[in-house]
Each structure stands twice: as C-alpha cells, then as structure tokens.
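My structure is below; once you've seen it, I'll send some questions.
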Amino acid sequence: MSKRTIVPFGPQHPVLPEPIHLDLVLEDEKVVEAIPSIGFVHRGLEKLVEKKEFTEYVYVAERICGICSFMHGMGYCQAVENIMGIKIPERAEYLRTLWAELSRIHSHLLWLGLLADAFGFESLFMHCWKLREQILDVFESTTGGRVIFSVCKIGGVRKDIDQDTLKGIVAVIDKMQKELKELTDVFIEDYSVKHRLVGVGVLTKQEAHEVGAVGPMMRASGINQDMRKLGYAAYKYLDFEPVVENDGDCYARTLVRIREIYQSMDLIRQCAAKMPEGEIEEKFKGMPSGERFERLEQPRGEVIYYVKANGTKFLDRVRVRTPTFTNVPALLKILQGCDLADVPMMVLTIDPCISCTER
Amino acid sequence: MESILFLIIFPLLTGVALLFVRNDSIRRIIVRTAAFLLIIASILISVRYFDSGLELSLHKEWINYGMVAIELALAVLLIAISIKHKKYLPILLVIIQTTIINWYEFSYSHEVEIHADIVIDRFSLIMILITGVIGSLICVYALKYMEDYHHHHHEIKDRRNLFFFLLFVFLSAMFGIVLSNNLLWMYFFWEITTICSFLLIGYTRQDIAVKNSFKALIMNLFGGFGFAAAIMYLGYVVEIQELNKLPALAQSGIELLIPAVLLAIAGLSKSAQMPFSGWLLGAMVAPTPSSALLHSSTMVKAGVYLLIRIAPTLGYNVAGILVMMVGGITFFLASLMAITKSDGKKVLAYSTISNLGLIVACAGIGSYESIWAGILLIIFHAIAKSLMFLSVGTVEHSMGSRDIEDMHGLIIKLPAMALMMVIGIAGMFLAPFGMLISKWAALKAFIDSDNILIVLILVFGSASTLFYWTKWLGKLVAVLNKYERIPAKLTFDEWVSMGTHALLTVVVCFIFPMIGNHFIEPYLNTQFAQHLGSVISDGNIKIMSLMLGMVLLIPLGLIVFVTLKEDRIVTSYMGGVNRGDNRYFTDSKGQAKHLYLSNWYMEKYFNEARLSTIGNITTSAVIIVIFFMALGGVL
Amino acid sequence: MVDKQTIIEVKVDELVDKAVLMKGQGYRLVQISCTYKENFEITYSFDKDYELVHYRIHVERDEEILSISQIFFSAFIYENELKDLFGVKIKDIAIDYEGGLYRVAKKAPFAPQNKEEEEAKHV
Amino acid sequence: MSVLRFSGYIIKNLFQKPATSMYPLKKQKCFDRTRGHISIDIDACVFCGMCSRKCPSGAIGVDRQVKQWDIERLKCIQCSCCVEVCPKKCLSMKNAYTAPSVGSVKDVFHARVPDNQPNS
Amino acid sequence: MAGSMMSVLLYIFLGPLVGGLIAGIDRKISARMQGRYGPPLLQPFYDVLKLLSKESIAVNGIQNFFIFCFLIFIIFTGSLFFMGGDILLVIFALTLSSIFIVLGAFSANSAYSSIGAMRELLQMMAYEPMVLLTAIGFYVVTKSFNITDIMSFETPLVLYLPGIFLGFTYILTMKLRKSPFDISMSHHAHQEVVKGITTEFSGSTLAMIEIAHWYENVFLMGFIFLFFVWKMPGSWIIGIIACILLYFFEIVIDNASARYKWQLAFSSSWIAAAALGFTNLLILFLMK
Amino acid sequence: MSFLKKSPWIIHYDGTSCNGCDIEVLACLTPLYDVERFGVVNTGNPKHADILLITGSVNEQNKDVVWQIFNQMPNPKVVVAVGICATSGGIFAECYNVMGGVDKIIPVDVYVPGCAARPESIIDGVVKAVEILEEKRAAMTKKRKMAKVRRVSGPVSLSNMF
C-alpha cells in the first residue's frame, strides 16, 4: 500500500488567517503533490457594477480587501479617471501616494508578523504587529478608518492632511525605523529564522517568468519590474529603484519585503517634502465610456483593473486581476517537494491575500 | 539416559512420516500429537535434568560414521542442486568443508578424548524449552496456514509434505545443536539446519526464492566453513573437541584466539549479523511459519547460542571485540533500516537482525552481567518475535496484505489479531515487558564493562527501536467508526498457537526473576567462578511487576471506560471540509477525496542501501582486521 | 502621460499561435479577462518591459476553445475562472478543476442566466 | 548569522512597560476623523430619501409619509456616503462606535420627536 | 521509606500546583517579553478548570482512554522519581507514558493528530538517547542508578557532567515543548499541524493532558535539580535556583527562536547527544 | 464558581470577509489590545474553542465549513459575528455568491458591528459573548442534572462504541 499521506490543509487553519485550501499528498513530511483551492471567499463583487453606480462602486472596490484596501479604491478611480480623461490635482496625487506607501508598510509588517507566526516565532509576530499599530493610528487620524479609508473618490481624495500632521507622520516613520531595524535584523540574521527561510521554496528567475509571478515574489527571483515605475500618481516625481534580490527563496522574498518597507519610508519622506499646496479634488461631469487596463503596484505586486464603460452610470464590467491570483501558479511550483512544515512558509511567501484573489 | 535422544529422534521420525502423508487430516493428527508430545517431553526433560544436569558420552563409532555418511549424502545433494541452478560458489564451499571435516574426522578425531558428547545444563534446558514449546507451536500453526497458503497461491505447487518434513527435521537438528557438546556433532546438526533452511527458503521454487535460498546457503556455508576450521584447529592444536572445555581453558590462559574468531564467524553468519545479514532478509520469501521458525526459535538462535556458549572465551581477547562490534553495529543499523520498511515481515526481519545484534554484543562482552542479559534476550525475543510472525501471517491471510499501512485500524477490522500484535509489540520494546528488561540489563552490563562506544550504540539503537515499533502500534490502534470487521475464522490450531504465545509473553515477564535465579545464574556460576546474583535488584523487580500489573489492567480499564463514557461523537478535524464520515473530505475540485494517513518511513534519511553498505563495510573490516590480527598473533 | 491602449482582435484559432509567438519573444502572461456582450469577449494580455499587448477573441457560447496553459502554465488559473464564472468551454487545461475552482451558487453567474438576460445583453 | 538574536530585545521588553492599551479599563483613544456611527439631526431632515438611495449597503430607510428615518446599525458600513449626499447636511459621522448586540439594532427617528433620541 | 512516601505524596498533590504556577509565570513572562500585558498569573488553572466543565466530545470511544493512561503513568513516573527510585526505571516509565499520548493521537485517526503523533514519536526518538545518557552519566559518577544515592554524592554532579548537562538542557527544550522544538504540538504560535497531538482532544481530556504536562515539567525540573544538589545540607537551595534560572533561560529560548523543522530537530539532538554526552562520558572513563 | 468566564478560548474563521475584520481580530491578540489579558487564546482548533469568531458572510462554498466547525465545538459555545459582512452581508449582500449574514447557517449570539469592526468593539463583543457562554453553561449543567437517563441508549459494548 502507498506510503503517502493525503490530508486536507485548510480552509480553516490556524496558520492561515484566510481560507485557502490545499490537498496535500505527503511522503513522510515531503509534499509530493499540492493542489490549491480557492473560492471560499468568492463573493462575486465584480458583478456589483451592474447594481451600483460607478461613483459608488469605489466603496465596493476598497472592500475587495482590507489590507490593500486603499490601492483598490485608488486603482479603480484611476482607471475611471483615465477613461474619462480626468486629471486629478497634484496634491491629490501626492496624498494618494502617501497613503499607498503607508499601506505598503502596514501590509509588509503584517506579513512579516504572519510569517514569524507561521514559523513558530510568536514574539517576533507580536512585535511586528505592535509596530504596525503606529501606522494604523496614522491611518485613523488622517482618514477615519484603521482598515477601510474611504478617502479615494473619482477625481481626487476626500480628505486632506495638514502640514502638522504631515510632520507628525514623518516623525512616526523616523521613530519606527529604529525599532524596525531591531526586528528586521532578526529576520535577516537569526539562525533559526534562516534555517526556515534560506534555500526553501526556490523559484528561479526563469520559473518566475514562466509562471508569471509578480511583485516581491518576482523581484526576489531577480526580475526587475515594479509597476510604480509606470509613473502613476506621484511616483513620477519621486526617486526610487525597485528592490531586487536574486536567490528566489523564501529568504530573498523576506529581504525584498523588508527592504521595501525602508524604501516606502523613504518615499513617504519624499512625499512629505515635495507635497505641493492646492486642491485635492477635481470636479467632473458626465459618464465614462471606453475600456482600459490600469496597472498599479500593490504591496503584493502588480494589480490590473479592467474597466469597461458604456456611457451610462452603470459600468459594463470591472475586473480586478490581483497579484495573489497570478501568484497562485508560482505557489504551486514552490510547493512541490517542500516539507509540510514549509507549507505555511510557502503559502505565506507569496503573501496571499485570498479576498483579493477571489473578489 | 539415552532417552534424551528422544528429542532428536522423535521429530526426525515424525518428519519422515510426514513426508509420506498427503492427506490433510492425517497430517493434522500427526502434527498435533507430535507437537503435544514434544512440548511435554521438553518440559519433562527440563524437570528431570533440572538439578542433576546431564553429561552423556556415547562411544559409538557407528554414530560417527552415520553422521559422516549423511553429511556426504547431503553434500552430494547440495552439489546436485547447485549444478542444476548453475551456482558454483556453494559447490566449492561444500567441497572444501566436507573435505576438511572428513579428513579431520578420519585422521585425527580418534585421538581426541571425548568426555561427553551430550551435555545438559540449565542453559541447554532453556534452549530446549524454547525449541520444544515455540517450535512445536509454530508447527501446529503451520497446519492451517499452509492450507490457506496454497489456497491463495495456486501458482505454487503444493509440497506440504516436504514442508512439514523440513520443519520437523529442523526441530530435530535444533535439539541436536543445543544438546551436543561434541563439536563434531554440533557441526553435523549445524549443517543440517543450513540445508533445511536452504530448502525451506526455496520452498516455492520461484526465481526470487531460489535466488535467496542460495544466498542463505552461501552465507551459512561460509560460516560452516569457519566452524569446520575451528574444529580442526581445536583438535590439532589444543586437542579438545568439546564445547564445555572452552571456558575453563580460556580462564587458564590458553591461547584460543583463532578458534574463537572462527567460531565467532560461524555464529555471526548463522545469527545473520552484518555482513551476513542479507540471507535473513531474503528468507522472507518463504511461507511465514518457516520465517517464524528461522527467526525466533531456531536457526538464528543457534548462532547466538553458540556465541553465548563461547562468550566466556570471547571476553578475554580481541575475538570479543570483534563480536561486540559486529553485534553493536548490526543492532544500530538494522534498527534504523527497520524504520524505512512498511512490509510487516521486513520490519520483523530487521528487528530480528537488530535484536540478535544486541545478543551478540552481549556475548562479545562476555561478562557475567552481559551473558545474563543475553540469555534473557534470547528467551523474550523467541516468544515475542514468534508471536509477531504468526500474527502477521494470519493477518496477511485475512486481509490479503501484510503491509503495515494496511493494518490501519486493525483494532476494528480484526480485534483479536490486533490484540495479539499489541502484546507482541509491547513485548518487543515496551517498558515492563521482557525485551526492555533485558535491554536494561544489557545496558548495565555494557556500562560496567566500560565499553562506552557500545553504550552509545545501545542508547541510539533503542531510540530507533522505539520509533518503528510505536508507529506500527499506532497503525493498529487507529480507530475509524466506519471500518468493517473482517470476518476472520481463526482455527483451533491458530488460536492455541498464538494464544499460548501471547500468554507466554506476559507470563514470562512475571516469572523472569525466577528464570534468572534458577536457570541463568546457576549456569553462569559454573561458567564464571564467582557468584554475582541477579543483575536487576529486587526493589526494581517489584516496581516492574507493579507496572506490569498496571499495564495489564488497561484492557479492563478500557472496558470500564467505554461503558461509562458519555462523549458526544463528532467528526474529526479536517479544516472544515469534512464529508461527514471521517474518511472523505472535499478536495480542491469539490470532489470527495479519501483521507489517507501513512506512517513516516524517512527513506531518504535512513536509506537502506546506504546504511547496509556502511554496515557491511565496517563489519567486514572489523572481521578482517581482527582475523588477521589473530593470525598474526599466532604466527 | 496616459498611455494609449490598443487591443488586437484575433480569430479564435489564431490565438494559440499568438501565444507561442509571445512566449518566444519573452513576454509573460499578465491576465485573461472576459466580458459577455452577445458573446464572450476574451482578452489575453502579455507584458514585456512594462509594455502591455492585448489580444482579444470572440467566442460563442457553445464554442470550445483551446487552453493556452500548455504554453503559459499560469493560464490555467484564469481559464478555470472563465470556465466557472462565465461558462466558457475550454479544453486541455493543464490543471483542470472541472468546475470546482469557484463553487458558486449559480453556475456561470457572469453569463446570462436565461433568455431575457440574454436579450438584454444583445441590445 | 547569530543564535538567539532576539534575546536582547525581548529581555529589554520584559523590563519595559507593556504596550497594551488596557481597554476596557482605560477608555479607547479616538480621533476626530474616526468613522464611528451615523447620527442625524432629524429636525433638519426633509425625508428626501437621497441618503437611503445612495447608501451602498441599504442601511437607511426613509418613509416620507410618516416622516420616519431609520438606520439598521448592523448594516451600516460607515462609508460616510450618506453624509456626503444629504442635501440638508443633517447627517454626520460621529467617532463613537455602535456597541455589539445580541440581535439586530434598528434606530428609528421620527420628525417632531423633541429630544432626538432613538425610540424604537 | 516514610520520607520517600512523603515526597511522593507531596509530588502528587503539589506537583500540579507548582507545575501550573510555573506555566502561569511562563505565560506572564513571555507576554512581557512580547510587549504585552499578559494573562493573570493563575490563568493555567482557570483554563484547566474551565476545560473540566466542558462537554466531552470525541472522535471515537477509546481515544480519551489513552490520555487517561498517559496521565496515570506520568504521575507514576514522577512518583518513582521523587521516591528516589531507579533512574533508568523512571526513564522507561516516562517512555511508556509518552507512548500513551502518541497512541491516543494515533487512535483518533485524524489528519493532524496523526501527523502530530509521528512528529512526537520522532521527538521521542530524538531525545531518548540523551535522556538515557544522562542517567548513564549519573551512574558512571556515582556508581548508582538510585536517585537517593545520586542526590547524596559528595560533589555537585554538574562538575563532572558539564557536557551531559548541556546536552540535557538541549533536549529539555523539546520535552518542555518549547520553540524551537515544539514541532509536535505548540502551546503558543500557530502551527501547520494545528494542535498536533492534541488536535482531537478537548474538554476534560485536554485538561488531563495539561495536568500531565505540569506533572511532567515538575519532574523534569527534578532532573535538573539532580545536577546541582549534593551531600551538603542546604544544597537544595542551589538546586532550586538552578532550576529557576534554567527555566528562565528556556523561556528566553522559546521567545527568541523559530521552530525547527524535524530534520534539524532530530539530527541536532542526536548530534548533541553523541558529541556532548559521548565526550563527557569518554573523559570520565579516561579519568577513572 | 465557573471558570468559563476567565478562559474563553476562541477560534476564528474567516468567511467571505475582505480581510479587514479578519486582521482586526488578529490585531486583538497583539500587544496593543492583548486579549490574552482575559484569558483568551486563539486556538485555531474548533475542538478546543469556546467562542467562534466569524468574520465575513457565508457563501456557497464555505457554508459547510462554517457549519462543520461550529458542530465540532464542544458545548457550551457561542458564535460572534464580527463585522457588518458577518452580521448582514453588508455591502456584498447583493452579490450572487453571498448568502448573507452568518446567522443564515448557524445561530449567532453576538453581533459586532463595524466595517471594519474595531478591536475595541471585538473585545466588547467577546466580553458579551462570555456572559452568554456563562448562561449557556448554567443551562447545560441544569439540563445534565435533570437528565437521569444516560444519553447513550441501548446496550453498551466495546464493539458498538467504535
């Protein structure tokens, strides 16, 4: 008889905050086959465009996901704005960038914590999330929500940040950076952590390209591509280089995300320094018509909003192709031959966001 | 006095009779009666010679000539079979051996004075009891088993008459070995076991069986060659031909290194130690009763029997180191390899090799304590291992598989067999049971003899032992509500055989202090000139018995527990995708998929091929180095 | 600033060739999306150095198309999605969930469920 | 590479005050912008129903006949959409949260109820 | 005899209290290390008392019985230890009791409890040699396996057995189920095998496991104690201080490391046992 | 004296939430909110849990999962629906694959509003849940005392227990 264990993994599982399911076939602890399953969070919100006006749909878009919520709102708005040819004020662009980068920090910190939890490092998880709270406070004080901001609207943003608050944000970032260093050093240097990460789940550059990985997943495999370089929002005014690592293992992916946190901190400082005065919202009239693919760099990688409008207030189609969705084939690839103990590591290093994936 | 020969002659005659019986019911009557008589006889003889012992000398030329004649006939038989299968190495070995031994027999053996051809002491009694009781029970068990076997395997020709003939001849030879004091006699029986095992392993006449039988033959002939050489050396140089003279000689400081090494090689090959372990694994192709016989009470036990007999001789020289190292390495590596196996019989085979390694190591140390432990190990191992083999055989016939993975939930499918196995496994390694007691004694002996390397090997080896037995146990006790009982009709023969085994496993644990006091220690006192008493203190024995009592209460407790329990039965945890009956879950495609829980085998980690290469190389190296050291020391 | 986006219409049977071509030129598959307007309007997007190329095919409801997952492995997940949410018939998907990727309450929710809806789409 | 790299940091933390906010013993901190719950100045409401129509989750009910405005607290997603669209600016977002409950909570407001309290 | 009876009784009654308290302190300290306020000191007791009041559910009729045996044999083991019995026997009894929990997990026949059981077994295989070597070390120095004799040796054993002490500390982490060795079941951080061996146990059975662990921890501290006490009256204070320090050290390790994978957990503990244990023993033999 | 109050263990299942509430539940465990102060442990295993925290609504695919988890919890147990999605489906109520609040599948005892539910609200919700838990326990013991007859009916033997 076979020496293979066949067990379900998830959807309810303590290391997976979100429901994803894997059929695992194991030999001892070695994964010989793993088929992921999604659909536990599928709501079908893309179809809501038929019931919600396109201006209202922002509220739905930003509830695609509570982690990368802000950029969903922003991406959707950007797509519609581009279809309609609206040019939003520069200050709004900066504000959007600021929140987007703060979101990236919060998202990466959240991920670092979850990763630590998955490899059994509870105290590291706690400290990562402790730091993250400071960013959430910034969110709440500037937008009114810790998770869902509701500040993006077609044509600009709803809320402004005054100069003092802006300084305050930079101060928070500065203070955080020091503490963060202590934590990230543990990820980078600690023996037990490296034991869990180095050489685990290797995705070569070639493979990464073939399976169409995106975001940190791709950059950790040595592919230099970052959608922020497209220059949407205020990125065209800012100075940064995509973070790239070459090893393609879990460790490299961790490094990429860690370095991206610091990068985001830098971008926030740049934003604060360069932020112009002015309006935060451009009034517009009319209905959109046309279609467009809009690409943004979410914390987890390239996201694509496809909007097709027909000149009425109800859009024909909105489709969000999220980074996790594209990273699932990559997940499949790295799951082959890893250990059961690595499975959470694998799942987490694509930084899965299931609600994004399934919408 | 000569009545003792009953033990040798009676099984032989029974065997011959069975050779001509093809009728099932007649065979059944003969086997049952013979087994019953043998058991009674072994017990009676033990009682009879318990105090007095026996030293019997039969100055009968015709016996010797008879033996020579039979030997020659068998040699011819072997050569014929080998030629038929185009195997030439065995021919060479047979010829060399026969020549040596005959030449010695005719040219010199008359000049060596023999005091006793047959000696019975308490150690022989233990072996007689094991062979008589366990061996006979296995024969009884074989009745039903072989019937089923041929029922399942139509491709194999039914030669049961031959099979039972061999079984009984085997018993006869085994009695011969443990009774003989005259080395030439012992050698004679020794060779008979070799041939019987050769024929038994090749019973099915399938290619693999033939191949493995020759493997066994070659390795055993090699050992036989060592035996023959030892006899010659002893006869010529030391001028003795009796086993019981050796310890005294050794203690008086006579150089016995070369014969010790040669006998050790004989013992090691027979007890399937590395690098000779291959034959025993190959022997698994034979029908289970013969495996049980080979692995538990006879064959391999003959090897360790010889080693233990000469143990006091070994303790004084490098031959001891040889035996100890080979035993130790084999113990450790075989138990690691057992981890990678899921075939029940393979696991048992490795466990046998491993446990014998321990006994061999005990013999190699050759101290009072270590021999004490070694003998205890022989007893417990014989019983528990035999029980395991028989259970695996029955399970195989009931479910059509002897794979441990298939024994998942056996406690539901075949509760009685599961219970037998649980007892057997517990007997093999668990705390208050036999093997563990002996291991404990062995550990103590090893420490006291300052052999720290062996101590290390023992602690690591027993950790691995724990692993593979417990995971087997785990398979057995997995409970799934939906499993069907497998209708298994155990026959009376099987019940008697396995039931007695199970009972013995438990009872012997309770009475082992008595065995120690009344059998082992008196024997050791004669071997060593001092009296050291029990290795395990009384206080500890009491606690052990208490524990055993507690463990035996478990089944009772279970029944009470199950009756009183008020659990709400829920489905098992599957991350929420249960399909209701603990067997299926909803897979990624939305279909029902069977949950399957396999044990770990860690084949990459404890790679069988790699480990056995390592083992074979190191043990061969040890043997070769020490062999040449011995030669060099003499030259 | 805003880039122009052109969508290249191709025939259903040209698609696989195009995919092979794209693969050969070092593009990666970025997404496959679908809209139902009289028929399935499926867009395949490829990317190389921040540059997007879109191919669009039109597929009838009962027409079966070939998977490109043999060329771009990652296509399997998009194609399964199309299958489950739109009811597009696709064959030879590398990993075919057979309708189990999204187990939704009503089959192919993005395709019209009945005659009336169908007609509404045709306007 | 280092073993137990984190030990210094955690031991330092052991002797520091924990970061815990001690809610509910201490009150939660609130920001001005915090979106907690919707409140209405019912006297200013003209029952035009705009808020009800635009509310993305359909939490608001407006009945022009009986001059009733109600909100289902367990449906409101605090998006502030209603606040934005109300022509009379009679809705506002307060920063206190609705408390958890054991069943659905519907706050009903009628015009001319003097003290503007929920009276369901 | 009366004295040893006394200590057994003390163990049986105070064992869980001390063990629970240790667990409580552990949780509190861990929380503080993590920058949190942490649960009340007596939280472990609340947990167990709560578990006792829950409905009892099970996957099948017998799984819980094994746990009952586990508890009984753990108590037996500890009693044997505090009675001053034979240390090898204590270890065998400990193994037996651990096997019961493994069998319990196997018998539940559920995905994660079985995997947890395999991992637990692996851990047993990993630590068993070192535990035995510890006993052997004691024997080699004191010429006795008897705990009473070991305790009344004329110098602290740790002086003779530093290597073995280190090795034992190494595997102690495993026995205490602390990170990096909490592979079969973790008290804290979440794990791929859910709750490992305890996945299918709940209510009073889980409480039994918890209590058994308390007993076990106390008894393990007894092992550490042995290294530090000697004939000198009052040396028990040193022993207790050593236990406290060591436990604190374990908490630090727990909070400052990721969970190892089984390969590393297994090989490192065998290597630790072989290297530290063996060298130490070798030196002792050479000194003789 | 009951200790349920002092040691409510939770299991958290994420239905079709947007993650917002989901991470807020996790945030409750972390230093700033530290619900372990109340003895709360996130067990992640239904068999150990007393309180089921559900975020997000239920859909076709996860309704069985929710039900299974609920069923595998030992009594007394309470369900807390966290966030508007879990209480009513919220903004997604009209989606084709959303069945609505969690109470469509299992009985919900406490509703925690908010989108996303704030950690403070979740703490309040848990506190409320603990009270209900306590009531349920009292009811359970009363019932158990009243039930003179054993629950297992029919003859009990080893074989029919498996």
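For clarity, chains are labelled A, B, C, D, E and F in written order, and residue numbers in each chain start from 1.
Criterion: a residue touches a chain if its C-beta (ideal position, glycine included) is under 8 Å from a C-beta of that chain, and two chains touch if they have at least 3 such contacts.
These numbers were taken from a predicted model, which means no experiment stands behind them.
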Requested in this report: Grab the C-alpha centre of each chain and report whichever is closest to the global C-alpha centre.
Outcome: E
Query - From chain E, the most remote chain by mean C-alpha position - result: C
**Report entry** B-E compared against C-F, more contacting pairs
**Finding:** B-E
**Report entry** Distance between the centres, which are taken as Cα means, of chain C and chain A, whole angstrom
**Finding:** 25
Query raised in the report: When the C-alpha atoms of chain A and chain D are each averaged to a single point, how far apart are the two points in Å?
Result: 27
Query - Rounded Å distance between chain A and chain E, as computed from the means of their C-alpha atoms - result: 43
**Report entry** Residues of chain B engaged with two or more neighbouring chains
**Finding:** 411, 479-481, 558, 562, 565-566, 568, 570-571, 573-577, 586, 588-589, 595, 597, 599-600
Requested in this report: Spell out, as numbers or ranges, the residues of chain E touching 2 or more other chains.
Outcome: 31, 33-38, 55-57, 60-62, 111-112, 114-115, 190, 194-195, 199-200, 255-257, 263
Query raised in the report: Going by the touch rule set out above, which residues of chain A reach two or more other chains?
Result: 5, 7-9, 11-15, 29, 35, 37, 39, 42, 44, 47, 59-60, 63, 121, 123-127, 130, 133, 145, 148, 190-193
Report task. Could you please write down every pair of chains that are in touch? Result -> A-B, A-C, A-D, A-E, A-F, B-C, B-E, B-F, C-F, D-E, D-F, E-F
**Report entry** Contacting residues of chain C [partner chain F, same complex]
**Finding:** 102-106, 109
Report summary line: The residues of chain B that touch chain F in their complex are 411-412, 415, 479-481, 483, 558-559, 562-563, 565-566, 568, 570-571, 573-578, 586
Report task. Show which residues of chain E lie in contact with chain A when the two form their complex. Result -> 30, 33-36, 111-112, 114-115, 179-180, 182-183, 186, 188-195, 255-264
Requested in this report: Please give the residue numbers of chain E that touch chain B in the complex, ascending.
Outcome: 55-66, 68-69, 72-73, 76, 80, 85-86, 88-89, 92-93, 95-96, 99, 102-103, 105-115, 117-118, 121-122, 124-126, 128-129, 132-133, 136, 139-140, 145, 194, 199-200, 263, 270, 273-274, 277-278, 281-282, 285, 288
Query - chain D-facing residues of chain E, complex - result: 29, 31-38, 252-253, 255-257
